[in-house]
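Each in structure tokens, the structures are laid out below.
In what follows, chain A forms one complex with chain B and a second complex with chain C.
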Partner chain A sequence: MFRVGTILQKNSIAWLLLLPAVLCLYFFVIRPQVLGTYWSLFNMQGYTVKEFIGLDNYKRILSDTNFIKTLWNTCQYVLWSLVLGYPVPIIVAAMLNEIVHFRNSFRFVVYLPSALPGVAVIMLWYLMFYPDQGGLLNILLTKFGMEPYVWLQDSQWTIFYIVISMTWNGMGGTTLYYFAAMQGVNRELYEACVIDGGGYWKRFRHITLPSVSGISLLFLVKQIIGVFSITTQPLQMTDGGPNNASMTLGLLAYRYGFVSVRPQLAMTVGVIMFLILMVFTCFYFYLNKRIESNSY
Partner chain B sequence: MLLAIGMAASLCSCGGIDEQVTSDGKIVITVGGAPNKEATPKDYENLMEDIAEFNQIRPDVEVRLDEWKYDISTFMPKAEAGLLPSVYETHFTEAKKIIDLGYGCDVTKQLKERGFYERVNDSILNTITRDGKVYFIPKGVYTLGLMLNLELFEKAGLMQEDGTPIVPETFDELIETAKTITEKTGAAGFLFPTTENFGGWYFTVLGWNFGAKFMGQDADGKWKSAFDSDEAEAALQYLKDLKWENGCMPTNTLINNAEAMKQMALGNAAMCFANPSQINSLVRTYGMDMNKIGFAKMPGNGDRRITLMGGSFIALNPDLTEEQKEAVFDWIEFKGTTFEMTDELKVKMRENMEEKIEEGKSLVGVQDLSIWTEDSEVQKFSDELQKEFCNVNYNHIKLYNDKSGIEYQVEEPMCTQDLYGILDSCIQEVLNNENADCREVLKKAASDFQLNFLDYQN
Partner chain C sequence: MNLYKNMDKGVLVASDMKSTRYKVLYWTIFALMLCYAAIAIVPVLWLMLSGFKDVEEMYAVPATFFPKELKLSKLAEVWNTMNFTRYYANTVYLAAGGVFWVLLVSGLAGYVISKLKPIGTKIVFSVIFWVMMMPGSMRTVPLFMTFKEFPIFHCSLLNTFWPCWLMDCANAFDIILFKNFFDSVPTSLVESAKIDGANDFRIFRSIMIPLSAPVFIVVALFTFNGHLGTFFWPYITISDTAKTVIGVAIFKLKTSNFTIDYQMIALMFSILPQLIIFAIFQRYIIGGMNIGAVKG
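For the complex of A and B:
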């Protein structure tokens, strides 16, 4: 006790500076997380905890006839985001890195979508994908003599189109990270490569890509974690439809929590998501540690 | 998501403070849904005048304002935090949930003492009564009908000279009317919302007209889903045919209610199910000319013509003291929810109507059911005012006001919102997939409803 007091006294300024962050962490992350997990074991009336029911909420969620489909949908979002959203920022950053003129302007253009409010972006893409002849993409199609297409209402491809809109919105920030990493690469390496007769592809393959491999691994895991909890886009663009084709675990939890007011089930879905994401988070920390140790 | 729900729940558990009496001994009541002083200064001013007038009758009551209006996503946090206003309005559809969650306020004593209890329409009273206790005060009743875009009706040659639209009396006729409109104008003849549970809500009405039942109790009192049936299949097939066989529904099949109103206002659709309160959103939000809006009663099928009865209730905060409840009831009666007519009330109702007309953003003339068992003087006077101040061609709406031959039904009783969500998915499937088998879709939906929801009620 005496030692703790001494430590606190010795580092009082540091503790004081940490206090706001610690309080925020406690109130907005740790407390809700712990309470959510605890209350997922109870029956609730509204937000009032009633009787302890053990794992019944988990049994109910896992035996829900649409749970597996929803889980698979969520995985599809992640898979499509890896196919579409993961390589795009690297490619765009590499292009920015090579551009000599108007680099700042291009950087601004690339970052612009990320600066737009999320809801505005969703509305923008909703109107682009609008399925009748008034939809922006359908106007283009009809200009080329093609039939209008139903876009988001094609249940086979709904998730794919939502992921396109997410990629457009989210890639700006990630691109700038990659770009910063690429800017940090020793220019002499590129010069040596050019002297040896290496073209753009060889420079990219043998210098740029290995230089950003650390950060790209981190973004891979972060992207998986981020996309796995996707809620807003399907909620606003399709409401999980058509016929649950774009339903996600996040949206399922939202519906339980705020539409049918069964917060205990929403928390249960949240805990299940948390457990799945914990695996990725552990992996993320492992990679982070490795990358940090490699950088020294 | 876990964080969001957890935060809402944990913050709510902090509790709130509600002052019951002021330091000088006045009873405090808080009125929800108050107008914003800056956004709607006229409404705010009117309310302040009302409060001043009310204080002449009840000087011992302090009326405070809360701008919060009932909203499905903010209700729970507000209620759990103990911050619900003393009195607020909610919809028929929410009554069961509020009672289930324990936020209903028992007002049986006040309703009986003030003579409301015997006079409220029985079918309405049943929806707000649980174990002999009544939890709400009915404020207004509406029935679902057909909203019409009269500009499209005009273009399709479906208007009589006196301005009466030629509207479908049956669902078969609705197909013909919709086809005619689509052929002659290119707009969708009929529009059916499909998301946010609105599709399911409307589909139950369509289903009832086709003879479908959505749930029932077996001999042991256990709830069973009942829409894996020929009747429900016929109703779903009806929607499917409207889209694929007759081509008179819009291409977009993921439509919420707000989008439906937008499409109606923009002239992209000619008919949809709606309730009269939605008319004002066409005028206020989308600037639609009131004279281009029509309203008709729900079509029927065979011998039956069934529609859904909905409306609004006045709810009280369950934490109110008896004195506060009495003060709230005095306020409610002062504001016009009463069956007893007084000269002051007449003047007040007339003034309100004149203000509405002056503002020019509300369609006046639509009449609906009375919340009372027999026509009260207030209801009669209200109907007279609607006729006197009707600000559109009365023929545009008279087919809705004529309630002959209509049967009224209230919402399905158990896991209602879950049912609507599942039916939304069924509708989306058949409107998106031309080859969908309606019976198979319903079979899976009925099974899902049973396994995922009803079994947990049994």
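For the complex of A and C:
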């Protein structure tokens, strides 16, 4: 009894200080996570939970052709973002790595787009993609004697253009991570290679690239996870249009949840996304562990 | 004058610069970097300049990049018609509140987990870690329902900034960041203060905070910056127009009746706070990413 008393006394203040964070995590992360999964098995009227209907919501979503199309759209976002957003930061970081003149100014400029608020960037690109002569890109086109183009209204390429704006906004941070990793390379390795007669390309391929390959794999998986769940960018830029051409799973869930108010379907889509994302998350962990155990 | 005297930062070394081939390579990289810098800067510049054009000038053929005149009075005109003072005040209030709650709740949690270690800390920490990694795609709707009618108290948090603040406190990443940083503060300091009779809160205030200033500054900056451009949660939880924040205000421009030049100036106002913060705290923001990278 005495021991229990002292343990309580010793720990009670610490627990008290930890309590707010634990409560917040419970109410705003763990509880919604569990309830979101649980309620996806129910029918709902507005935001009131009604009767248990088992997997009916899942049957309904998975048999919807619109869902399959949206899933494919979301994959397209991921694919384009890998084509653009994966190699470009590595290339820019490699260039920044060599620059001696105005190095800090370049670093500032590289990060600049990432320092802007996301919603403002989307609006900025929305105006740049403006389909008439007022948009910046059409100003450039007409300067080169070409016809103005409809940009976001061209449903075949809408996703590509949204991914361009996302990449422009998001790559500053990633570039600087790569840059920091490249700067961390032991210079003696380069010098040894120079003595052996290795040129720039040889040094870059055999020394610089291996030193960033670990984090580049992590960024790859992280990017897949991030882009797979995008919601606000298509919402702000095109609201899924034209004709649902730029719909994503996240936006679909948002619409079910807040526009047509069928929250049970929103949570169902959420659970399906969760299952897909979980595969990548586990892969991320596996990679992270392997990379950490390999590094010195 | 030797142009290449600091040439030992990247893959290229000083001795390379004797050969013309590498000189050409270096300046090619430099030129490419300039192009990239243009891609990063031109949209922002275009935004800042175009707002000063009137609508006719914007659609003039041939289109121009620079406006005919810089009418500064137009800035004040847009600021007042759109009531930007209110948006700024709301956003700064939201951001400052977020910073306060994050530093208090997550900071204390990190301190308890790192230094006090009451019984059960290990479980709490592993829960926090898993929570950070869990995709939250099904959380949005249950979270919204939580804010609509908060469990236990049965009150609505809609139309207040509490949803945003409370979710800040549930940010597992910040807690882990704090915990990792506090781990590097010697425990002997904490113990000797305890012997001198300081209580846990006092130790947090007089030892942990001053010694861990960098992590506090970084978390504060990132939270503040994040809130300046925040969009999604204020968009769905706040319908009261007196509480509109900048991010939501500029999104609503799309459906407003304001002419495009007004929209552009408004957009410029919306990126200004973050641009200024970035210009001032550049070192912390770029360096802060690395704290997150190494330890996250």
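Assume the second predicted complex is superposed on the first by the 270 of 296 C-alpha atoms of A that agree within 3 Å, B and C clash if a C-alpha of one lies under 4 Å from a C-alpha of the other, contacts with A are read in each partner's own complex, and residues count from 1 in each chain.
Everything below uses one rule, namely that contacts are C-beta pairs under 8 Å (C-beta built on N, C-alpha and C of every residue); 3 or more make two chains touch, one makes a residue touch a chain.
Just so it is clear, the structure is predicted and the values come from calculations on it, not from any experiment.
With both structures placed on the common chain, the touch criterion links A:Val259 to chain B but leaves chain C unconnected.
Once chain A of one complex is fitted onto chain A of the other, the partner contacts of A:Met273 extend to both chain B and chain C.
When the shared chain is aligned, chain B comes close enough to touch A:Ser155, but chain C does not. Note on chain A: of its two partners chain C and chain B, the one contacting more of its residues is C. Looking at the shared chain after the overlay, A:Phe285 reaches chain C, while chain B stays out of its contact range.
In the superposed pair of complexes, A:Val92 makes contact with chain C only, with no contact to chain B. Of the two partner chains placed around the shared chain by superposition, neither chain B nor chain C is touched by A:Asn186. In the superposed model, A:Pro32 lies in contact with both chain B and chain C.
In the superposed model, A:Ile139 makes contact with chain C only, not with chain B. By the touch criterion defined above, A:Thr6 lies against neither chain B nor chain C after alignment on the C-alpha atoms of chain A. Judged by the document's definition of touching, chain A residues 28-29, 31-33, 35-37, 39, 47, 130, 132-133, 229, 231, 249-250, 253-254, 257-258, 263, 266-267, 269-271, 273-274 lie at the interface with chain B and also at the interface with chain C. Within the complex, the chain A residues that touch chain C are 7, 10-11, 13-15, 17-18, 20-22, 24-25, 27-33, 35-37, 39-40, 47, 92, 94-101, 103, 106-113, 115-120, 123-128, 130, 132-134, 136, 138-139, 142-143, 168, 172-173, 176-177, 180, 182-183, 187, 190-191, 194, 200, 203-204, 207-208, 225, 229, 231-232, 236, 249-250, 253-254, 257-258, 263, 266-267, 269-271, 273-274, 277-278, 281, 284-285.
Put simply, chain B touches chain A in their complex at residues 1-10, 12-13, 72-73, 76-77, 79-80, 97, 100-103, 194-197, 250-254, 256, 417-418, 421, 424-426, 428-429, 431-433, 447-448, 451-452, 456.
Residues of chain C that touch chain A in their complex: 3-4, 6-13, 15-16, 22, 25-26, 29-30, 32-33, 36-37, 39-44, 46-47, 50, 58-59, 61-63, 65, 104-106, 108-109, 111-113, 116-121, 124, 127-128, 131, 133-146, 148, 151, 166-167, 169-170, 172, 175, 199-201, 204, 225, 228-229, 231-232, 236, 246-247, 250-251, 253-254, 260, 263-264, 267, 270-271, 274-275, 277-278, 282, 285-286, 289-290, 293. Interface of chain A with chain B (complex): residues 28-29, 31-33, 35-37, 39, 45-48, 60, 63-66, 130-133, 148, 150, 152-155, 229, 231, 238-239, 241-244, 249-250, 253-255, 257-261, 263, 266-267, 269-271, 273-274.
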